[in-house]
Amino acid sequence: MPTLATCSTREAADAIERADVAVVPTGSTEQHGPALPLGMDHYAARAFAGAVAERDDVVSLPTIPVGVSPHHMQFDGSLTVSAETFAAYVRETVESLSEHGLRKVVFVNGHGGNVDALSRVARDLRATETAFAPTWNWWDAVDDLADDRFDEGGGHADAAESSLVWHLHEEHVDPDALTDAEAGGADSWGSSVHGATVGFDTIDFTESGAVGKPTQASPEAGADLFDAAASELAALVDWLAARPIADCWQRDHR
Amino acid sequence: MPTLATCSTREAADAIERADVAVVPTGSTEQHGPALPLGMDHYAARAFAGAVAERDDVVSLPTIPVGVSPHHMQFDGSLTVSAETFAAYVRETVESLSEHGLRKVVFVNGHGGNVDALSRVARDLRATETAFAPTWNWWDAVDDLADDRFDEGGGHADAAESSLVWHLHEEHVDPDALTDAEAGGADSWGSSVHGATVGFDTIDFTESGAVGKPTQASPEAGADLFDAAASELAALVDWLAARPIADCWQRDHR
Amino acid sequence: MPTLATCSTREAADAIERADVAVVPTGSTEQHGPALPLGMDHYAARAFAGAVAERDDVVSLPTIPVGVSPHHMQFDGSLTVSAETFAAYVRETVESLSEHGLRKVVFVNGHGGNVDALSRVARDLRATETAFAPTWNWWDAVDDLADDRFDEGGGHADAAESSLVWHLHEEHVDPDALTDAEAGGADSWGSSVHGATVGFDTIDFTESGAVGKPTQASPEAGADLFDAAASELAALVDWLAARPIADCWQRDHR
Amino acid sequence: MPTLATCSTREAADAIERADVAVVPTGSTEQHGPALPLGMDHYAARAFAGAVAERDDVVSLPTIPVGVSPHHMQFDGSLTVSAETFAAYVRETVESLSEHGLRKVVFVNGHGGNVDALSRVARDLRATETAFAPTWNWWDAVDDLADDRFDEGGGHADAAESSLVWHLHEEHVDPDALTDAEAGGADSWGSSVHGATVGFDTIDFTESGAVGKPTQASPEAGADLFDAAASELAALVDWLAARPIADCWQRDHR
Amino acid sequence: MPTLATCSTREAADAIERADVAVVPTGSTEQHGPALPLGMDHYAARAFAGAVAERDDVVSLPTIPVGVSPHHMQFDGSLTVSAETFAAYVRETVESLSEHGLRKVVFVNGHGGNVDALSRVARDLRATETAFAPTWNWWDAVDDLADDRFDEGGGHADAAESSLVWHLHEEHVDPDALTDAEAGGADSWGSSVHGATVGFDTIDFTESGAVGKPTQASPEAGADLFDAAASELAALVDWLAARPIADCWQRDHR
Amino acid sequence: MPTLATCSTREAADAIERADVAVVPTGSTEQHGPALPLGMDHYAARAFAGAVAERDDVVSLPTIPVGVSPHHMQFDGSLTVSAETFAAYVRETVESLSEHGLRKVVFVNGHGGNVDALSRVARDLRATETAFAPTWNWWDAVDDLADDRFDEGGGHADAAESSLVWHLHEEHVDPDALTDAEAGGADSWGSSVHGATVGFDTIDFTESGAVGKPTQASPEAGADLFDAAASELAALVDWLAARPIADCWQRDHR
């Protein structure tokens, strides 16, 4: 089915009528180190949404390109909106969709910094029975595969992300810079002292902006990750399509 | 110059260093009648931003796809966010850019409903000397040409818009439906009684969602409109690039 | 019927019971150049509301004297509130009225800067079926007459406004200063470059604060404008009084 | 000096230059029982502001007519805005004035329900050294005189208020209804049980809306109250005019 | 009955089922001069809540320790939140309780600065029939007794407060400093000029932070005040427990 | 050093002068199953803050007892405030402290649901150089020890939490109910389908409210956990006390 934005009102009426689930790609535009494009996270979100958008039971929405990235602002080109603004933008977008009768939604998310805001939005949308809108993070869907493939603690602009965007947008990746990314990067996300998180920004713990082992990346690994994650997303859509809407809503007081 | 999202941090640093002006495409996803795609307005914004994005003195940002469209919500597929939310989203995005040192911005806007919010944002950004960010509406730039070409009061999904998107995205236009659009449409925007605006939603004055004479549209006219407007935008960028930043800020109390 | 503020609770109960329509005068206190009073816009609003307030089917509310005028703040004496604050103030006032059972309202507006905020308020009030509250701008009601009388592009403290307030409040007009107003003024509102609005404040395009041809003003023309506009307002009230409330509400999804 | 709204920009520049103090009348439009007009509180504020407005060292602003009156909404004709909205409206108005250089302000207040909001506003304005803006309540200024004249616990639409508005606006008072006001009224404000305030609305403790002994009112007493309070206000303006602005600001941490 | 926080879910279910009234202690952490602890107001609130918490028909909530105290910030150690934030915190807490079925609440309040915010919260909670939640201030409950015992205008860290906390927490009181408190203190609260409140902060009228006659304090007087006030609170709970919930809600429009 | 609330202004001045670090205990009041008290999380926070409060270089603030717990509201007795309200409450509290000169803070946190809000607050406080305020979660500090002791995926009211509160407040624990807690509980936190989080509330995946293996709990294990975590907190305070404040602030743009 074509994406919603390509539809006329007539086509949109049909598409929404036929659809069981909407997918809303959410990403960011923020530093991914010297080798990867700033758009990494919204490219990923868009690509995964695209992978299920052909289905007759899915409507796909435009990609939300700027997310919650205040912790990347010391790196050139990073854009951010506050968690409150991002939450409002996606919530109201889904509320619109709900007015047309589509109330099962998947946030196809490419950016970890969006997760908390999306969770709050999803809670609110469910509490008012506007929509049931779980968040799907592609990296969560291929956790085991990434662990098999790469020897990294991972976190940001790592081997998994580098591989994925290399597969999706070879033209926007600079493979020669992966070595610098790793050399100036960190082994694991964050900075902790005696149980307290004391590194609030990525610059606090990585000079290159990367966290993980990007030199282990390859477009082939990216293709595998993409296929595996896309399969999981498809399965999630199947599950959600089959789930009665009444089962989606908030449970009553015990 | 590649768009910002395609840049690595290194490339972004260079691009922002070289650039005089950023362009931020803002649109909407909302009904444009039975013949045109819902994404009309963000397609237009994206296309015009793309027309100047190749310049070395310009950085282009991702397209903001959902705008202020509450008045279209009775039509299938329309999405909207509130004026406050839209304003916050674009303001914070430009604030991010300003942190990296780029403070001249053009909102390349495809949707009339965004104009008030963009004006408020631009005022705020100027008052704090964060950025000077005038709004450029493509239809304002080719007002005379459209008047020459089409015999319509115009307003929405009219001959001018239909032509433009036919030129840009023939694959998303249904020319056969233009007759229905016009037949069920209105001659002019809005509904007024003795000087008062009493039609708050498009449904109040147009059954098809169109306002104007879409049957006069052609892809050739669209190409002409596009070229003319793109030239105007290029001239605006020239003007803004040449203007000293000190002249851009708010004037002192008289 | 006396205005609401003059009524005791008993009289208010009667007045609201008898009334079909409430009028809410909204204006501003902002520069109107060297010849006209800062209160121009709320004087106009008050006067027009007064012109229909005698009717038995109308209740008139107190005049809201400060409006949305950030673009005039470089000129001495201008007052402003933000669009959000103005909107909240008028919305809550109308919500109060609606609690007493009066749900048809006309914003009798004297200031262009209030229009967007009033539109948003009116949309919200209608969406919740609190009130149907179109905005009536006096200048829109006498557009043709003003075009006949004056040779000006018009905009602010122009011949039309000067005439009106000269008619209403001769004691607050300095006719000798009209020449200075025009000499230091602009021919048309705003400042545009290649289709973009680049003059955000009036000081950006007028040194005197006036826009138009105030020297063409006369109290006689003001009287004519007043009478003509007041007739239009009366006709609007007739129309609104006769309109079934059910027809006033937002239309359902198509 | 004429009130601000009557001034042209030139006159406003002079007036603000000469002035030491601005007065901002704040009132409400709310029930004052069967005998008194809803506008009581803003009439009082306007009248007291007027009493000092002639002074060359004073600038008077337009009257804010709707205040914080949620507790009166069960009575016909009462209008209210929330405390937050009222606070924003008056704060932004005073901020405007401060931009023109006038930073000593008196809120000439006619409504008890506004006091808390005005206090919060005044605190904020002082903390940022925008303005020093104490609230003057006319009844506080003539507490002793009212106690001398009337034998009432007082509170609302009582002998003091009735007298004042009878003096100011005889045409809006219905003396015959004062007996009903008192008969259906309460002896003292509020309703308390074992130290807790349990009457949130006036309807909880007065059927007529009045609290006190309105039958003791007379226009003569009103004239006396007016003169006495106006003298106090004049003395306050003298005191404030003479006080160095540096002494007005918030004290440093001890 | 144990306080809510000590209950397991099972015990909470029983406790709420049996209870008629919840008590929510609200205080502050702010200067009370050189002799009394900063926690005075939340200690008082907690102690009074504790005095009724043993009853089977009462559930007591945790003590809210920081209140609305901006006027004390020049004194070391004072903490404050804004009125808006405090209001939201207590309102949402009571909304939670209401979800479990308990809709009669007493705010057992120890701090005068909280009263306005609590009133607004209580109004909102009643308007939506979420809860009926009057505020009980311990000093209002023992006004006469305090007048009998002490010869002071009173206000803050005075003989009454000093006595109470001396009784409750002898270990946190420095009796030797009471003389300094009184010597550097004020006789009455606030600072007024011709009817206007011109002292916004306590530092504006008291150097020690105290207002009243703390040297008259004694732990014995504190015990008497405590017992008397606790009796009043118990009587209030009786009254509220017996009052039908339908009688608690907002009255209809007259 | 005594806790802040117990100090007079004189003692507070000394305490803050001597102190390097403030600790702010943050918890919640929410279901912890049939065996543990609702106050579990604020008891833990209070206890750990108390463990370092004796130090001369530490000032401890009152415990914030209600946190962000919307996901527990189907269970009796759970209280919650929104993330926004909680964030404002703790942010303003720390801002107060900063006004007195103490700008190193540790949020001693007992509730996972507070973490996101605390992170946002800490980011804001650092960005404005108001305070550096990392969050310390006791369970993060003893992760390895808990893994050694218990065989559980863990999450909520599990063996670790049960042990800790059993050690701290034996009187509020019902050991006999631990079996029911575990039998009706879940093995791991949350509910995930193909990489998406679909369980938004605890009731979605645990009938008893517990997640983990509470039957493995013992007061002895709790004592060990407490001591180990308290040592970590002490070490964190040492680290923070020694860290120059300049090193605490946000890093500049790269």
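In order of appearance the chains are A, B, C, D, E and F, and numbering begins at 1 in each one.
Assume contacts are C-beta pairs under 8 Å (C-beta built on N, C-alpha and C of every residue); 3 or more make two chains touch, one makes a residue touch a chain.
Just so it is clear, the structure is predicted and the values come from calculations on it, not from any experiment.
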Type of subunit A:subunit F copy interface by residue overlap (half), same or different: same
Chain pair, E-F or B-C, that carries the greater number of C-beta contacts: E-F
Where subunit C and subunit D are represented by their mean Cα positions, the distance between them in whole Å: 27
Subunit B-subunit D separation of Cα centroids, rounded to whole Å: 48
Rounded Å distance between subunit A and subunit D, as computed from the means of their C-alpha atoms: 56
Multi-partner residues of subunit A (each touching 2 or more other chains): 73, 75-76, 84, 99-100, 253
Subunit D-touching residues of subunit C, taken from the complex the two chains share: 2, 4-10, 12-13, 15-16, 29, 31-39, 42-43, 61-66, 73, 75-82, 84-86, 88-89, 92-93, 96-97, 99-100, 169, 171-172, 174, 177, 209
Residue ranges of subunit B in contact with subunit C within the complex: 70-71, 73-76, 83-84, 106, 116, 119-120, 122-123, 126, 134-138, 140-143, 192-198, 200-201, 203-204, 229, 232-233, 235-236, 239, 250-254
